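Before anything else, here is the set of structures, which you'll find just below.
You will see two complexes here that share chain A, one where it goes with chain B and one where it goes with chain C.
After this line comes the complex of A and B, so read on.
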């Protein structure tokens, strides 16, 4: 585990800053992601520098803590598979339809003898801070595409030729780590639907808390909430179960190359923890069938 | 010091259960296939065995350039000699030849119907595979092709048998028996994900000797059709001879078929008493409850649970309880009935 060593270094560094807290904090200018400039403009600059004082984040977590995760499987009896997942205040409902015959016989799966994975993401009007109509903008489309490609390679689609697997995600509440929550909810729903997959696909977000001045002393943060996501450069990483195989990696913000490795390492370790939690949910559900 | 990811601060009920789970596993080390079909399940990505003597079956996969067998679904492990397979807890129905299925017509083609039988692909029912009205087996004609909608039209329910399977696992159906055909006078229920799979399932509908049976209720007889695909139809019992008996007792076998065929493709429901409707709904609710509780759905269980439910209701009525202690919904009723049955016998 070379990655673990990196983080140990970081932690040591952090403790040293903790003692020599002399220099004034320079705020890193907020990173603007391309898709959604309108959300950022009214935001007050968030003082993430308080982190280095107490080593506690805005919601009282330490750098390597996940938020509370609550997951349920088989929430809707009529669906082929369904799940409900909460990661902190991010709440996602997922239903799976299929494998079923596609809507039109003409536009069957891209490859002729494999099932096609379709993803629909819907944002509830009340999910965000402001009530607004969120049509399928570019960001949603990208999320849908990410999920679709990830699951096309994860699921054993060759077992269901010519059919379509539809994932429908409803976002009931947004508080950061949207894509990660969608991935985790989808994995649970697909397991409930009994669709064969090579392993769990679980995801987590990780950020770098460094300010511009002390670039060496960056501390990676795990599982971001909305405020942290708007302030810090972050990435979403999805791995295959217990292994270190990265299946999804999305980074929409600009971040220094050196910080990438520690962000990834903490993200992957978060995914492992996430897998255990989701596996516990599935195992608990399985007891009903004993 | 390796990286430690802390657990969320507040221990949720889920976490507590999970810990209990973990301790269970320590107690009974049944990770190996030797202790298969215990109470624990395997989940996707879980290594079942790395011993090369085992062969992989359904629900498993061997990662490239390894000999380990890994589960791909969450379910119970089955062992057949040296073959390891995993039966998913819930999955779509996969058709097999000879299965009795309940289906719904999705679209009408020129010479065939497309039927939804809850399988990954729609099944086809060719015009040549149905009993045409007007006497015993006859050739289908161009007139029949033009009148295809008079037999089955979109949305009609039918009971059929899987005649053959194509390469991509699409099924062809047939209704060439008086047992099969259009369904009416009843209630359709779908048990999603609880249909028959490749292996025998613990809960839900399984392939059995009797998929259709008649249940005696206080309000009259009720026919139950358990489709292997998890679609279920419960209807008021139809007297098979119908108008044939009115003419006289000496109806020949050909006359009998003719008499039946008149009503064979009727889409008109007969009049039913509210009492029998009530009983049909009760049976439907109990079946849904059984499936939701992960129980097996077959004739014996349904008869037993139905009788138990009727008794329970009578008992509660006489005691003046208004179903206060029962759980919520269909599962609650079924669990109350099963608990009572276990106490009684």
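After this line comes the complex of A and C, so read on.
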């Protein structure tokens, strides 16, 4: 009971802060301050309160809105392909080297019939809130693996036998949707490098908003920032261009089965919009040569 | 001697020989023939590029190499240092300093209270592990030049219990096409020059409280000293110079390094007094990649071209010794003569020298 009391206190406090920001002249109804079952409290109350009030998220977006996306292509002269992508405050820089002879003496390139895709992700020490030297931990390795398997099947690797395509990603600023940002940046850099692929691989995150005590319906949310990612169950979905073909799907949090469908639908819809944006960037760059 | 990068240039002995002879002409003809021996590659520089850092800078050279530096300061609890505490207690006990004086000293004078461990530099180069020789040596060379003046670490002192911990993260965004030390150093210089720390509001040994107005932040390297003079230190910058024959060439590119007799990295800081030029804070020799190039086989030693192949290795060595002036490529050996070091360092630090030019150029970026 004491823990529940603490959470409730916390909730009221946080509500009052965000309340002032979103709707200054309306008193918050105090319904769910007492007698609330603990089972509903597994998700952070922060999002619950503000989102159910005005259907606005912490940063003022609606459920289906992407953050500001700014992308550049061919940012670096020394690389074969390069790109820079901002999704809100998440900033990623990607360079592509290759197709080229691999570095390691033993396994230059991969098999006889196709190129190997190597991915290297580096978190800059200043990318987070606090400075942290991030060694290649399990999460980074998993992201590298996800990217490498996704692009191995997407790129026409059979055109480059015995060679290696190296993707180097520098994460300059972290604010949620890391994997999605990495995928989008890599796609742009690979297009810049002129490596043939069947379609854009674009990715987005989607979550399901927390429920309140009085209603059990939850909205799917698109493109999460860091705060939301910590509070809500979410997935990262990557699709191939305009089609609904899912190429990457990662969900590491517990989520109720029936919510999965709407989350996926919103994620795929976000990917389609993301494709339009990235396509615009590529076409804008291409105009320079026309 | 710091190691050179592992990546080798793919030039044949004939090409190396040609490059060397053109570089040792007077005046030297460089690979980029529009440049004189003292010219640097042109660059694009910007600062304050990362919103979440105290200071940041990005420099892209025209050959495509690009570096990004973020400086992040965090408040950290100081370790209790008995010798410093003890000295203070002693001086009070001896009665030669009264309390008010002591307090005044404490608030204004933090000389000698900084520690080397308060500054941490990490260098990241794509394709290298962070414990590989190249990033480790680059980081230690940059740290060494930064710590040499001692004034920076003293400015990180807040009070007896707290200090700033300065984390400098240096990212080479492109593959290391040439020895990246000069580029990384210039980018770090610019980032430190534009770095700001929040203004301190608390006094003495209180828990530190800072002004949350970023406009009130104080620069890490103040523009003027407490008396309003220009007697302030500035971050150091490292200049790379190489010697080929009689010539000294600055800011060499990768191919030029492959024929260098010797390479010097000279760290200079603008001097405190404005009347004199910059001063050298550290010098390192760098093992030039030319030492690892394969020697050419002269016609006289090649049986395919009518010569006689030497019968033993000893014979081969003697024959090679006689070749030195013939224009057949032999990797340079040995170190640097004292006279050469003297010439290089005077070219760097003299009035109107290379270091002054570089520092003025980087300063102009911040001002303009």
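Simple rule for what comes next: the second predicted complex is superposed on the first by the 232 of 290 C-alpha atoms of A that agree within 3 Å, B and C clash if a C-alpha of one lies under 4 Å from a C-alpha of the other, contacts with A are read in each partner's own complex, and residues count from 1 in each chain.
Throughout what follows, a contact is a pair of C-beta atoms (placed from the backbone, for glycine too) under 8 Å apart; a residue touches a chain by one contact, two chains touch by 3 or more.
Because the structure is a prediction, the values reported are computed rather than measured.
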Simultaneous placement of chain C and chain B on chain A, clash or fit: clash
Which of chain B and chain C A:156 touches, first, second, both or neither: first
Partner chain(s) touched by A:200 [first = chain B, second = chain C, both, neither]: first
First (chain B), second (chain C), both or neither touched by A:62: first
First (chain B), second (chain C), both or neither touched by A:77: both
Chain B versus chain C as contact partner of A:222, first or second or both or neither: first
Partner chain(s) touched by A:242 [first = chain B, second = chain C, both, neither]: first
Greater residue coverage of chain A in the superposed arrangement, chain B or chain C: B
First, second, both or neither for A:139, with chain B first and chain C second: neither
Partner chain in contact with A:168 - chain B first, chain C second, else both or neither: second
Doubly contacted chain A residues - partners chain C and chain B: 77-79
Chain A to chain B touching residues, read off their complex: 1, 3-4, 7-8, 11, 60-62, 64-71, 74, 77-81, 98-101, 113, 115, 156, 160-163, 191-200, 222, 240-242, 265-266, 269-270, 272-273, 276-277, 279-290
For the chain B and chain A complex, residues of the former touching the latter: 1-10, 12, 14-15, 17-18, 21, 39-41, 43-45, 59, 61, 63, 70, 72-76, 88-92, 120-122, 168-169, 190, 192-193, 202-203, 288, 292-294
Complex contacts: residues of chain C adjacent to chain A: 50-53, 56, 60, 62-66, 68, 70-72, 74, 122, 124, 126-127, 130, 167, 169, 171, 173-175, 177
Residue ranges of chain A in contact with chain C within the complex: 76-79, 89, 93, 95, 97, 103, 120, 122, 124-131, 133, 135, 166, 168, 170, 172-173
